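Below are structures written as structure tokens.
You will see subunit A twice below: alongside subunit B first, and alongside subunit C after that.
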Partner chain A sequence: MKSIRIIDSTLRDGMHAVSHQFTPEQMAMIAGKLDEAGVDTVEVGHGDGLGGSSFQYGFSKATEEQYLKAVSEALTKTKLAVLLIPGIGTVEDLEVAMEYGVKTVRVATHVTEADAGEQHIKFAKKSGLEAIGFLMMSHMAPPEKVLEQAKLFESYGADTVYITDSAGAMLPHDVRARIGLVSKELSVPIGFHAHNNLGLAVGNTLTAIEAGAASVDGTVCGLGAGSGNSQLEALIAVLNKGGYNTGADLYKLMDLSKEVEGLMHRPQTINSDSLAIGYAGAYGSFLLHSRRAAEKFGVDAREILLELGRRKTVGGQEDMIIDVAIELAKAKSSK
Partner chain B sequence: MKSIRIIDSTLRDGMHAVSHQFTPEQMAMIAGKLDEAGVDTVEVGHGDGLGGSSFQYGFSKATEEQYLKAVSEALTKTKLAVLLIPGIGTVEDLEVAMEYGVKTVRVATHVTEADAGEQHIKFAKKSGLEAIGFLMMSHMAPPEKVLEQAKLFESYGADTVYITDSAGAMLPHDVRARIGLVSKELSVPIGFHAHNNLGLAVGNTLTAIEAGAASVDGTVCGLGAGSGNSQLEALIAVLNKGGYNTGADLYKLMDLSKEVEGLMHRPQTINSDSLAIGYAGAYGSFLLHSRRAAEKFGVDAREILLELGRRKTVGGQEDMIIDVAIELAKAKSSK
Partner chain C sequence: MNVVRQCKTKKFLNLIIGRMVVLEQKKLRAAIIGPGNIGIDLMMKIKRSNVLELVLMAGIVSGSQGLKMAEESGIATTTRGIDGVIEFGDLDIAFDATGANPHMKHAPLLKQADIFAVDLTPAAVGPYIVPAVNMDSQLLTAHNVNMVTCGGQATVPIVNAINQVTPVEYAEIVATLSSLSAGPGTRQNIDEFTQTTRNALIKVGGAQDAKAIIILNPADPPIMMRNTIYTKCDTAKIADIIKAVEDMTRKVQKYAPGYKLKVSPYADGDKVVTVVEVEGAGDYLPKYSGNLDIITSAAVTVAERYAKLKHEGAM
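Here is the complex of A and B:
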């Protein structure tokens, strides 16, 4: 029976779904039950990771230290992890997190920018942490490019490298191509983090495992940015049926899902907005800008998103949105 | 580009999610927009099909005639279909439906009981209707048995045969095995109807198409029994990205999904109950009985469901639930 490591991100990616407003007490409750259920690792903090609580990304209910303290006290066997996006978080933030018992850090960069995480991976390894390289928006790069970047993370000392479908834009064959190639070529375990914008999160996670992934993410009730993540309790049910060993107790997770339901701000569904993001393969943060530009120039916001996806526009290139809207409006009027 | 037929079941299977309470006006609005969006066929009526509105299955808001009249007047190109479960509906019900322009009937039986649909398929063909054989709970029979039953439907004159994952219990390899075998051995098109209890509805539908299915079901917002169906707008997005031609307009379906959201009684999510059904592969109607028996005998309702699934207990065998609960209680006390 193949063993699969489960990293739960309810208390990090799931924070997006509650506008980063879980309290430390709620986090401790959820983490304690994930620990009881035998989940291997829990990732904790603001949705955008260390340093995320800010005017730009939204303030979380409590400070990182308060969250980490509360959760670390609730854990007995489950490992405590944080996310670090270089540019948002720093090695100094990581040093603070280590004081609260963090054992694992996921260093997240855009799929073509693993080098931005070099110093953070190296610092984590030197400090005795487990370091995971996390390649975001992996649908935007072809498998060979993803492999090149994954190899960079491995060369920095990463213990595991994650392929991350941040926009929930991958079809199963996209997952198979990337995970298959990277897990064949690297000697460290490969992970997969799904989003549900196209309704494929659980299925793609299974596909990733079949293609060689040894570590996968899930969140209770599917909480997460956009349409949310791979719903943990459904994923464990699928993996149990498929004959995989995760160490996680399905019934305890189902019981926990009832409690988490009561803490949710909105149901975690696929709506027109999150579907548009998955369809276009664009950044979630482009949605609002695209809608404003669409209104101003009399075009469909979804067409703007689609074009941004085609052009592989990345975060920071928001100016492009107006350009695309103007071009679409011109094309429309010349028809 | 491979063409895929889309049958929308928002106004039939989706009725389960609103306790069969859509009004004829709401149905006409939804059907009209599905027609505008280019959906091939819409299935209409009580969640349990013709004759379903009853004390036993719950009364629908309006009569079949009222629904069919309202919807048929709203359609221009889209075909109008009904579901007929022999034992609930009759050929007389079908004769009435035909007066309102129904062109397609899906005759639904348990996966091992296609013969119960013989007279209905034959009557439909004699009457000039399109007839579809619909094998429910198809996860309960191995591929060879599903093939045998599908061949029966074909021999009665069915124009298409559907493999139906009523409990949302199939993993992708279960879908591949059944659809692959049946589509290879039959000369009529094969269809697939998914449920989302394990979070796999959209992914399994894509798998079915890759394995040979030519006709698939979806519902707007994923409305349907249990965890719902394959969410139509997500499915169309996936099929567009995958290079399939469905004739359906994604943006129009996304716009419609916003209107349907406003008519829903509850969000269509995977909760602990519906997940338990998918995990066990048991009938949805066993849930309440199992919970009562669990309470009475001090066992876990999910263990009862799991055992019912293992024994392939079918509807009508509800007595078995108490037997299973007693056995589990005995096993528990002797530990």
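Here is the complex of A and C:
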């Protein structure tokens, strides 16, 4: 039976869905139950990773240290991970996180910019951490380019390289082409992180595994940016039926999902705005920011998202939403 | 008719006198360390200067583009880096366009050789200088000045302008650069970039606390450098803030003409949002590389001011 590593991102990507407002106590409760359910790794923090709490991305309810302390005390076997997006978080932030028993760091760059993460991967390896290279918005580059960038991460010492569908824009054949090529050419394990904007998150994750991925992400109730991530309970059910070993207990995760439902700000569905994200290939966490800008400037959120896709914006460019909204409002009033 | 002729004559005489004054001022002898994109752009800007003379381009890789271009312009070159610079002798100013780590080694050697260092890396050995905000105060005392970062050059003036109107409790900037304009130096020093920019927002901008974010965007055609500046402050003073920011923008435009207020300051909750865009002069780097242009323009402006102060005997 093939073993698949599960990285849960309810407490990191899931933070987007609650505007980064989980409390440390809520995080500790969820982390404790994920640990009991046998999930391999949990990723914790602001949705945009270390240093993400900001005007640009929204301030989180508590500090990174408060979250990490609460979660680290709740874990027994499950590994604690953080996300670091170079340009937002720094090695200094990682050093603070390491004081709370963080064992894994995912260094996330845009799919064409892996070299911006060289110093962070090297620092992590030197410090005895597991380092994972995380290529965001992988739908924006052809498989050969994804391979070139994945090889860069491997050359810096990454233990695993992730192909990430941040916009939830990939179809199964896009996933197969990228994961297939990269897992064939690299000697380290390959991971896949899905978003559900086109309703394909669990299916794409299964496709990734069939194409060679050994590590995949999920979140309880599918919580995450845009239409959310691959829903962990559903994913484990699928992988159980498919004959894969994840070490995770389906019923315990189902029980946890009922508790997480009570903490959600809104149902995690595919609505017209989040669908527009997947359709346009825009960054998932633009969703709530675009809705706010649409309201402030009196324009359609879908129009903003489609324009952001056309302009080839990358992850983190939430401030472009303002520009686009203002321009759309101007165009609208001159009509 | 006579009046016109008189005016013309007077104008001509003034021109001659002006030229003579410039001729009298001995040009300061300058070197560039680091013949990459920034170094080449600096070279083209220094060549136009009345008060600086570029005499040496120093690199470590023979046959590199920058060294070739310097040779073609009749400028001496060395492939022995800082050692070549020190041995060359008789230099007044060195522009360091290498990286943070190399500059840490270069700084004490330049000081020992009594060469004024204009540091374009995020090493921040000397005090930060943003010409529109704090030029003279530092030039009179320091022997090494730091040009912060491109993001700092673009955003610190705005924070400083707002802070003159009302205290800025917290400043946060997001600098988005086209991937093509972010060379290996920026990429390998991305942490130093965010930290140095943050520090300058506090030390020069006047904010009580700050954060800097940098984003690389690979879109083709390349995007202009854009900077969003969020300032937490008394938003009721928005009218005065707009005026102060517009005045400051004109000051920066004197040395970086492509600097533009893209979104005029507006109040949003407890913060003011401002967006500036920087188009380059297109000297060596294409126009989308406004991020590199603003720091090279600022560096040459600082060096010229240093030359003038030195000439006037102010130091």
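What we mean here is this: the second predicted complex is superposed on the first by the 283 of 335 C-alpha atoms of A that agree within 3 Å, B and C clash if a C-alpha of one lies under 4 Å from a C-alpha of the other, contacts with A are read in each partner's own complex, and residues count from 1 in each chain.
Here, a residue touches a chain if its C-beta (ideal position, glycine included) is under 8 Å from a C-beta of that chain, and two chains touch if they have at least 3 such contacts.
Values in this document were obtained by computation on a predicted structure and should not be read as measured data.
When the two complexes are overlaid on their common chain A, residue A:198 makes contact with subunit B while staying clear of subunit C.
When both complexes are overlaid on chain A, the residue A:51 reaches subunit C alone and has no touch with subunit B.
Touch criterion met: A:231 reaches subunit B, while subunit C stays clear of it. Once the two complexes are laid over each other on the shared chain, residue contacts for A:73 go to neither subunit B nor subunit C. Measured by the number of subunit A residues touched, the leading partner among subunit B and subunit C is B.
Of the two partner chains placed by the overlay, neither subunit B nor subunit C lies in contact with A:185.
Subunit A residues in contact with subunit B (one complex) as well as with subunit C (other complex) do not exist.
Within the complex, the subunit C residues that touch subunit A are 172, 174, 176, 179, 184, 187-191, 193-195, 211, 213-220, 226, 228, 230, 232, 262-263, 268, 271, 273, 275. Contact residues on subunit B toward subunit A in their complex (touch as defined above): 171-172, 197-204, 206-207, 221-222, 230-231, 233-235, 237-238, 240-242, 250-251, 254-255, 257-258, 261, 267-272, 275-276, 278-279, 300, 302. For subunit A in complex with subunit C, the touching residues are 51, 54-56, 86-88, 90-92, 110, 112-113, 115-116, 118-120, 296, 311-314, 316-317, 319-320, 322-323, 326.
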